[in-house]
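Shared chain: subunit A. Partners: subunit B in the first complex, subunit C in the second.
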Partner chain A sequence: MKRLIFLLILPCLVVNANAQKYMTKNGFIGFYGHTPMEDIKADNNQVASVLDISTGELVFQVLIKSFHFDRALMEEHFNENYMESDKVPKSIFKGRITNLSSVDFKKIGSYDVTVEGDLTIHDVTNKITTKGSIEVISEGINANSKFNIVPEDYKINIPGLVRDKIAKSLEVTVTMKYSPLPSK
Partner chain B sequence: MKPIVKIALLVVVLIAIGGLFAALYLYNLKPRDLQKAKPHFSISADDFQKAFNENEKAASTRYINKIIDVSGTIASVQSGEKNTFNVALKTGNELSSIICTFHSIKDTTILRSGNQIIIRGVCSGFLMDVLLNNCVVVKSWK
Partner chain C sequence: MKQLSVFILIVLFPSLLLAQDDLMNLLNQNTAPETNYTTATFKSTRIINGHSIERMLPGQLDFRISHRFGMLNSGAYNLYGLDGPANMHFSLEYGIFNWLMIGVGRGSYEKTFDGFTKFSILRQSTGVREMPVSVSVFTSAALNSLKWTDTSRTNYFSSRLSYTAQILVARKFSQGFSFQLTPSFVHRNLVGTELDPNDLYAIGAGGRIKLSKRISLNAEYYWLLNANNQYMSQPIYNPLSIGVDIETGGHVFQIMLTNSLAMIEKGFIGETTGQWRHRDIHLGFNISRVFTLKKYPQKKQ
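After this line comes the complex of A and B, so read on.
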């Protein structure tokens, strides 16, 4: 995966062209689940992502251990019992914007997009499709999305005792602020 | 009731109350304040990045979930969602740095590009950069 990202970047460093690829290493992905017992909430501010505006391809990757909880014990359980982050340290999304033609990357403004691709969590890959928005600003590109995932779809085992405590579905928020990759 | 039964009941009740408080305490435990913690390792940003770049597996075993003091020069500072700040430390590799996330920092004036700094954080691992979380400033030079 790391190689893949480097391969995506490499042409930009070599070819002298207008920025086609945009990148961030400081992206935000958070999730939130509500149950009568408690709210589950975690933030990850270390998301690495590359957006290729010529093809609409998008890659995201995160370290599971970079998810930050307000409660230390919840973070420990998340890593050890549910995500098994020692065994499966990363989550990856690889996909593309399907309605790329409706985005004018040369014009400042906000555009609705649909993104589809493969989301790999806990070593289980599922196809997902989600709505989002692309905002073209003078400094770069912002991307936002909200969608739901079901832990069961990713073989995340939740023991019966606490199953009702943990939300069946989690709302995932994605907020990216991309900068153009330097082209010399 | 026999005195022995009374005492036994009292003990059971006390244990139950103690257990409840212990559970509540654990449940509400905040992430560790690293300012008061002792680091497991002290290392320069460059050596830290090299360790992961050269042998990710060995470096992961050695450093992940450990408290690390990393010294280096600030390459960039980015503010993130919900009052977080990401500070990138320069390494010998242009494409890869040490990214340190501060979840609650009051004084951000010391976080300026070019400043020398020692940052303490918990290592989460390696993506394109080495990632540290729950970071605090140990020492800074303006």
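After this line comes the complex of A and C, so read on.
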């Protein structure tokens, strides 16, 4: 009987002791595009993301209206004319770390990873693969990545009039500081 | 015993195998719902002549130049008004706080200097905080700087002044359609004769239909409540304007047909002498160019 109770409790203990899921609600995603006529730069410090270190799966949720530009008018046009934020308020990413075995989440250090998954922007989903790094620190996990996206791939229509001002490809920077999600 | 441990494994194992969708649900459970404020109810701070609910955000400067050409019924010799006489108005308008913008301007109509403040009281929103309409309060003062026509009598400086107060109530019904009601009050310190009322009351209505993402069709009408043309020294009519907004990045071009010549409230509400049915119509345009003087502050969350 004692062994039975032990067996019952053990799995629960394992789940509680090793936090499997890490979360952040104020991760950073920014993008930058440069043309001789205009630089376009926006920051979003309210990105929500969950990383499951047991499976390497991770998801991101980005509220489009939380992207802030230096120029208020640019921000309005971004939401109104390009992203149509009232119709499509969120962008999401669902993916996983493909080389999970090369990361030791128990050992403090920095690890190079490859992430692949589905990126949905403006209701258009594309498969992307990108390189990044996972940094295991004592308080949690940091994740960083940089990749390029092409607005046209997501049916974001840029009219001829302003095509010279908006870069064909935008550099996206992702900086996440995850902390363990207490299991309920 | 063995059976039991297998059973326990089966029961507990799925919790370790959360799929991405479950991660997404987890994310949704852990993020608070937000208030989503409506933006871009109109493309510009004017519907056509009158102010719209739109405001300059803090640190943004709007430089506006507006023209109203001569009357369409002046014929081909006058190129339907394009040869003039044209009226112009230019202004600098600035957002101080998220809820306050101010502006100063000068118009050739009665050589008028004008200044205004616009307070954003309520903003249309959905989500945590639901608000069906946006409401702003607009106040302005105008100074007529024409030389006195009658220098034999005592002319007071205050006689040059007139004031306007408006409540702007607007709703963006959909991406394509916005509508605004504008109860207005105009006070003139000095009027032409004692038959003319010093105080005028009017209700404005204006709306826009988007033709494409960057082009919208606008219309605006002010209904004068207490003008009695039988007795007034100069008959005045309700201003009706129809126009198109074209937005090109930092500029908004507004091109319109209107029966009023003035581009400030006191003028187009109280002194519109032209009538559409007599084709006393002016072609006109407003050009708005927005400059960023200060970085737009990030919203706190």
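Worth pointing out:
FYI, the second predicted complex is superposed on the first by the 165 of 184 C-alpha atoms of A that agree within 3 Å, B and C clash if a C-alpha of one lies under 4 Å from a C-alpha of the other, contacts with A are read in each partner's own complex, and residues count from 1 in each chain.
The rule is short, and it goes like this: a contact is a pair of C-beta atoms (placed from the backbone, for glycine too) under 8 Å apart; a residue touches a chain by one contact, two chains touch by 3 or more.
Predicted, not measured: the structure shown is a model, and the values here were computed from it.
Partners subunit B and subunit C, once the complexes are superposed on subunit A, run into each other and clash. Which of subunit B and subunit C touches more residues of subunit A: that partner is C.
In the superposed pair of complexes, A:T175 makes contact with subunit B only, with no contact to subunit C. Of the two partner chains, subunit B is the only one touched by A:F28; subunit C is not. Within the superposed three-chain model, A:K90 lies in touch with subunit B and out of touch with subunit C [touch as defined at top].
After overlaying the two complexes on the shared chain, residue contacts for A:S54 are found with subunit C alone; subunit B is out of touch.
By the touch criterion defined above, A:V136 reaches neither subunit B nor subunit C.
Of the two partner chains, subunit B and subunit C are each touched by A:A72.
Once the two complexes are overlaid on the shared chain, A:I158 sits clear of subunit B and of subunit C alike.
Contacts of A:I128 after superposition on the shared chain: neither subunit B nor subunit C is touched. Of the two partner chains, both subunit B and subunit C are touched by A:L63. Clashing C-alpha atoms with subunit B appear in just one stretch of subunit C from the list 9-17, 27-35 or 171-179: 27-35.
Touching of subunit A by both subunit B and subunit C, each in its own complex, is seen for residues 25, 43, 45-46, 48, 61, 63, 65-66, 68-73, 75, 89. Those residues of subunit C that touch subunit A in the shared complex are 1, 4-5, 8-9, 12, 15-21, 23-24, 26-28, 30-31, 34, 36, 38-40, 57-60, 95, 175, 213-214, 247-250, 290, 292, 295-296, 298-299, 301. Taken together, the subunit B residues at the contact with subunit A in this complex read 26-32, 60, 64-65, 78, 80-82, 84, 86, 88, 95, 99, 101, 103, 124-129, 131, 133-134. The touching residues of subunit A, counted against subunit C in their complex, run 3-4, 7-8, 11-12, 15, 20-21, 23, 25, 43, 45-46, 48-50, 52, 54-55, 57-59, 61, 63, 65-66, 68-73, 75-77, 79-81, 84, 86-87, 89, 92, 94-96, 117, 159, 161-162, 165, 181. Interface residues of subunit A facing subunit B in the complex, by the touch rule stated above, are 2, 5-6, 9, 25-26, 28, 30, 43, 45-46, 48, 61-63, 65-66, 68-73, 75, 89-90, 175.
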